[in-house]
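You will see chain A twice below: alongside chain B first, and alongside chain C after that.
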Partner chain A sequence: MFKHFQKGNAIKSLIFFALIFYFGKVFDPYNQGQLSVVLIYFIGILSITLLTGLSGQISLGQGALMAVGGYTCALVVLNLGLSYWQSIIISAVVSLIAGWLLGITAARLSGPYLAGTTLVIALAIPSLATRFESVFGGDVGLSVDFGNPPEWLSGAIGEIGYEQWQLFAILPFATIALFLALNIFKSRTGRSWRAVRDHEIAASLTGINVQRVKIFTFVVASGFAGLAGAMYGLRGIVGPSVYPVSLSLALLTGAILGGLRSIAGAFFGAALVVFLPDLIDKITGGWELAPQVGDYLPAMVSGILLILTVVLNPAGIAGALHHHKPRHK
Partner chain B sequence: MEQFLSAVFAGTASGSIYALVALGLVLVWRGAGVINFAQMGQAMFSTYVASTMIINGYSYWIAFFVALAVGTALGTAVDLLVMRPLSGKRSSAMLASPAMRGTVPVIASLGILGILQAAAGMIWAAEERGFPAPVNTLGLTIGGTVMPFTAFDLFVIGIVLVTLIITTIFFQKTGMGLAMRASALNPEVARLSGIRTSSVRTLSWAISGAASSLAGLLVTPNTNLSPNTLDLILIIGFTATVIGGLDSLPGGVLGGFILGLVISFVNVYSSPSDIFLAILALLLIVLLVRPQGILGSKEARRV
Partner chain C sequence: MNIRASLSRKKLIGLTAVLIAGSMTLAEIPANANSSDVSGTSDIVLGMQLPQTGLASPGYNKIDDAMRGYFDYVNSKGGIGGKKIRLEVKDDGYKAGLTISTASSLINKEKVFSFVGSVGTQTHIAVIKDINRRKIPDVFVNTGYTEFYKPATYPTTFAALGTYVTEAKIMGKYLKETYADKKIGILYQTDDFGRNALKGFNEAGLTFEKKKTEASFISGTQSNPGLGSQIGQLKANGVEIAIIAAVSSATAVSLLTASALGYKPEKWVVISVGADATTIQTIAGLRGIAPADSAALLKGLISASHAPAPGDSSDEYVSAFKKINDEFNKGPDKRWDNNVLQGMNIGYMTVGALMGTLNTKTVFSAKNNKTCQANAKKGTLSRVCFIDYMESNGSKINSAAFSALQYSATTHEAFSGFWIGAYDAATVLQPVGGTRVVYTTDSGSGLVTVSNYKRPAIAADALPKN
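What follows is the complex of A and B.
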């Protein structure tokens, strides 16, 4: 992954960092919070982009791996008293191990088998929290946060609000995730994943160990998901209700809508999933809809968008934008 | 002993419902190569229709058959509106590889599930409501002693058995059933011998829709009805099909009964919160020990 360090990827990641930092300065607190969620979803969706888009394995359970990251982070913060960023790194590492265990099983499965199994995992993992209530805090969960902004930062850029500090704490990790994903996409590793996706037998004939690649993909993707999950929990609470099955499905929806095979698409998808309810609210604000219609409108719209994308425009937003350019397939 | 017996009966009754769900899943898998994650969404929708009719004074049985018709119509609509256009896109870059051909319809079915749940939420305000059973759901009393099963349990088991017998006769004795088996076995050869495979596909979606809406009608008296209540039933049904073998109808039915008993015993002897873990453990054991399922054939695991 790192052998093929490319200057272009570093520059892209830095531009990303600067842009989000700028938006973090100009947005109001509510949208700063929303932007934090976009970054977290972005990392979560990247795990699907790598897993499904690049290597062709579906997972409906990335939310469960986010839960692994979140609970690890909370337990480390509460029991070992480490700082938030140390805990985030530990959570990502623990998720890598969880992904390895999952990958050993998952590498034997494909298509609908994999989809169903990961879905069952997404349901079962949160119920562990109520099963072992004394450790995981049951239905209520464990409460954690990012703490206060360090003084050198507020000294450098002035007063930092609560939501703003969350955003600025998440941003470096999102940038690193972006940088790693960009490198994987263009590296030999990424090409071998694509080969496995497109034709397993042909891939194995070129000397690729298909099983090992599949497991490795799961490991890497779980690292991303765990990273996202740790920060998702650090926004306040780590509990079963924070990582429901619908979280896994929201991530998948974002991945498809944005473009399953594109890193930019992962960001578009994250932004779309997070801001869609606000957008619909703004559009329908004057229409006096019955409350239950308004409540379910975002779910309805994203369901319709999902089907339209799959049937009419499988490459998603990113694919539609790049239609005229030759693409990496 | 009494606890044991009541677990067995409750497990058999719910197992027969899971068998129906599994039947619907296997039908579509064999007929169209898709695992339909929207299946219980369709069932939820048709059960809401039945519930609304009953609230408005129609009899249970009229509502019952209307719900089956709605389920059939939904199954047909899913195939005609989404799955058929999707399978026409086989040459597109996204669907070019076998791995993605298995994956993309799953995603489409999740979209359909989302739409159905949102629609039900909008129309029926998403409040949880009960759904009536046609017979008593309290313990049956024979000669003064309370039996470990209810009249409704017997009703469920009976109606599911009848359905299974009809399905078996349909597949073994009728020309249409033969055409469906042929298309599932080898679509190319079936087409060459004059079977309209696309109509056969739609038919399997329709029958699956009817079977799952029947499952919805039978399970909701015990679970209540809300846009999301049947999600769990789908998960259980899916696990049942994997345990029994995705391409085997008897396997799916067998898996349904196994799962019904396992869940019932977990419920009685442990706690309901362990159900998911039990399902996951069962699923993983089967996938690791016998990935094609108990009655599934080896090549059915399309790689």
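What follows is the complex of A and C.
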């Protein structure tokens, strides 16, 4: 994919790891749990950043690919008895294969047709879980989790709470995902994806195999989504209500709010989607809001933010943080 | 074209600053973070998760307001031993991924003493293991899913409903005896609820034929057009007695779809959790059906209940709870119905269990008796003693139900008794045959028999006396 890994990217990834690890130590258990979800969403949104932001293919069904990762992980854990991290890796590989199959179809489609197809897949996955109940557990789902923290870790850093353990288990995978994404953005591969996004014919004239690039993008993005889905399921349950269509839309919302073409934006978007309800709750805590308003406020605010972002600041939070013209278009 | 997308130094510094500021805002660790006991006059904080929004919310989103209404009433009377009850509710939208976060919020932010009355099988599965691992009481869960109530697996979880198997067995026996010469069919949602109900009917000797008298749909898809073909299947196969084992919103859609298709079975039979008349009529109203028309649709529909019908104004529990609901329920929709009655009843049972745990005369299990009595004398409410009380004194927790709670060391199932009724023109469930007969059975292969349970009267102040 890339001839050499960038040293700078490794340093940035390590800084990311250290920062999150630090916050994992100082946050209270609830926010440790929320930070875990931020990391999972971050990886999920990265799949959209790569697929849509970098290569220009629209997907409304990343939640379905997360489900592929989640179910694979649960089945591997429950049937083969492998550890969570082995299962996560297998899940990512299976998701790559699923992405390849999807990519073959996707490469022939574009725009609303592609969006519609991926949306249908997101709708269909929960039905499959119910149709093949003996395998996928039906509506009840498959119960899996990260288990207990290993003794060596508790010995090294002291007593670890359950949420903290979840965070520390997810963090290495999020760091690896960040490192890979940073390198893809900087590599020749990333440049070819961007070329396809900006002008397919021009890209083709430069010798880029457009179809192959599109399929490959889907494969890589699916790997990211599957990785996120596996860890999302390991929080407690893998089932249809864990990967609803609204999950795909939440990821897309996070990607747009954070900045569709930016890795930092993926993180900002994930943090916003996860912490926005808490923030609203904190602000409106003393207000006497009717449930008809209060219950729907987070969805309403994110909807308004989404519209404002698209109209006023298409580059999202990451774009707004630039004091100069965005570097990549 | 500049292709760099990495974080610049400035951005890294900015990001770090944002994260540090965030951590300072978010990381609020109370000094008593590890204490789960409630002592002195501290509030008893209870947590609840349910769908307040989304497709699964209609009807169920009234239960929490009713519970809070009852707790506010108790607080107005001085609380329990000077302790006020506070109910913290989180909306999970019936999305299990969100349930995990809301449970974490209730546990770690709100520091709940116990979960109470949570709604939703699929969603509760996502957190039940974690709640039990932390030894947090998880009482009066609003689902009849039998797997939750096995103490060996989930020692802190207790049911608020009779199991779907129990109810279906009782209904099945009634249908088999009353409509022996009729073709009986079923429409059920393909989750634990529907499947457990199917199991109960089978246990009672009713059998169905797939693709003919047995139709199913994926739970949560009741708004999809596919339900029409399932109803059409029952119609095409001449089903005369049509059973529905689905949530109220799905029951409403099924009845309306059947009406549109011109399908009128001799009797509709609906499992109690899906037979709330108010919810069904509200959904029908949203589709432009006048209340009189939807009432006509419900007339004659057979259902069952473990509690009195909400429309039974002669029932002392109904009268007492209705009065409290009128005065203390601050919810947006406090119309009196099954869901509000259920919420009030859970509030009543919860208060009874809390009072019993704090009663110095209570005898707990041999293992915990000494500690729990000492706690009661000090006025300290502990989780271990609360769970112990539920398990060893469950039958002493009174309620509006016509059946005692079954809690013991071997089962945490709730009610084993149901009576069968049919809706009248005013959508009040009236006993079939004119007299209420409560039947009882278990979730296994036990026989269905007439219950001899005598429900204790409610006190004049509508407070339990545990």
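Keep this in mind: the second predicted complex is superposed on the first by the 325 of 329 C-alpha atoms of A that agree within 3 Å, B and C clash if a C-alpha of one lies under 4 Å from a C-alpha of the other, contacts with A are read in each partner's own complex, and residues count from 1 in each chain.
The working rule: contacts are C-beta pairs under 8 Å (C-beta built on N, C-alpha and C of every residue); 3 or more make two chains touch, one makes a residue touch a chain.
All of these numbers come straight from a predicted model, not from anything done at the bench.
Chemist: Does the superposition put A:182 against chain B (first), chain C (second), both, or neither?
Modeler: second
Chemist: Regarding the shared-chain residue A:132, is it in contact with chain B (first), chain C (second), both, or neither?
Modeler: So A:132 meets neither chain B nor chain C here.
Chemist: Between chain B (first) and chain C (second), which, if any, makes contact with A:28: first, second, both or neither?
Modeler: Touch status of A:28: second partner only.
Chemist: Output check: A:199 vs chain B and chain C. Expected answer is one of first, second, both, neither. What do you get?
Modeler: first
Chemist: Can A:296 be said to touch chain B (first), chain C (second), both, or neither?
Modeler: both
Chemist: Is A:242 contacted by the first partner chain B, the second partner chain C, both or neither?
Modeler: Only chain C; A:242 stays clear of chain B.
Chemist: Which chain A residues lie in the overlap of the chain B contact set and the chain C contact set?
Modeler: 127, 130, 261, 290, 292, 295-296, 329.
Chemist: In the complex of these two chains, what residues of chain B are touching chain A?
Modeler: 29, 34-35, 37, 82, 85-86, 89, 92-97, 99-104, 106-108, 110-115, 117-119, 121-122, 125-126, 231-232, 235, 238-239, 242, 246, 273-277, 279-280, 283-284, 287-288, 291, 301-303
Chemist: Given the complex with chain C, which residues does chain A contribute to the contact?
Modeler: So the residues of chain A touching chain C come out as 8-9, 12, 15, 19, 23, 26-31, 33-34, 37, 126-127, 130, 133, 138-141, 143, 145, 162-163, 182, 185-186, 190-191, 194, 232, 235-237, 239-244, 246-247, 261-264, 267, 271, 275, 278, 290-292, 295-296, 321, 327-329.
Chemist: For chain A, which residues are in contact with chain B within the complex?
Modeler: 52, 56-58, 60, 105, 108-113, 115-117, 119-121, 123-124, 127-128, 130-131, 197-200, 245, 249, 252-253, 256, 260-261, 290, 292-293, 295-297, 299-300, 302-304, 306-307, 310-311, 314-315, 329
Chemist: Taking the complex as given, what residues does chain C use to touch chain A?
Modeler: Residue positions touching the partner: 1-7, 11-12, 14-16, 19, 22-23, 26-29, 33, 52-53, 61, 91, 93-97, 100-101, 104-105, 107-109, 121-123, 125-127, 129-130, 133-134, 190-192, 218-220, 331-332.
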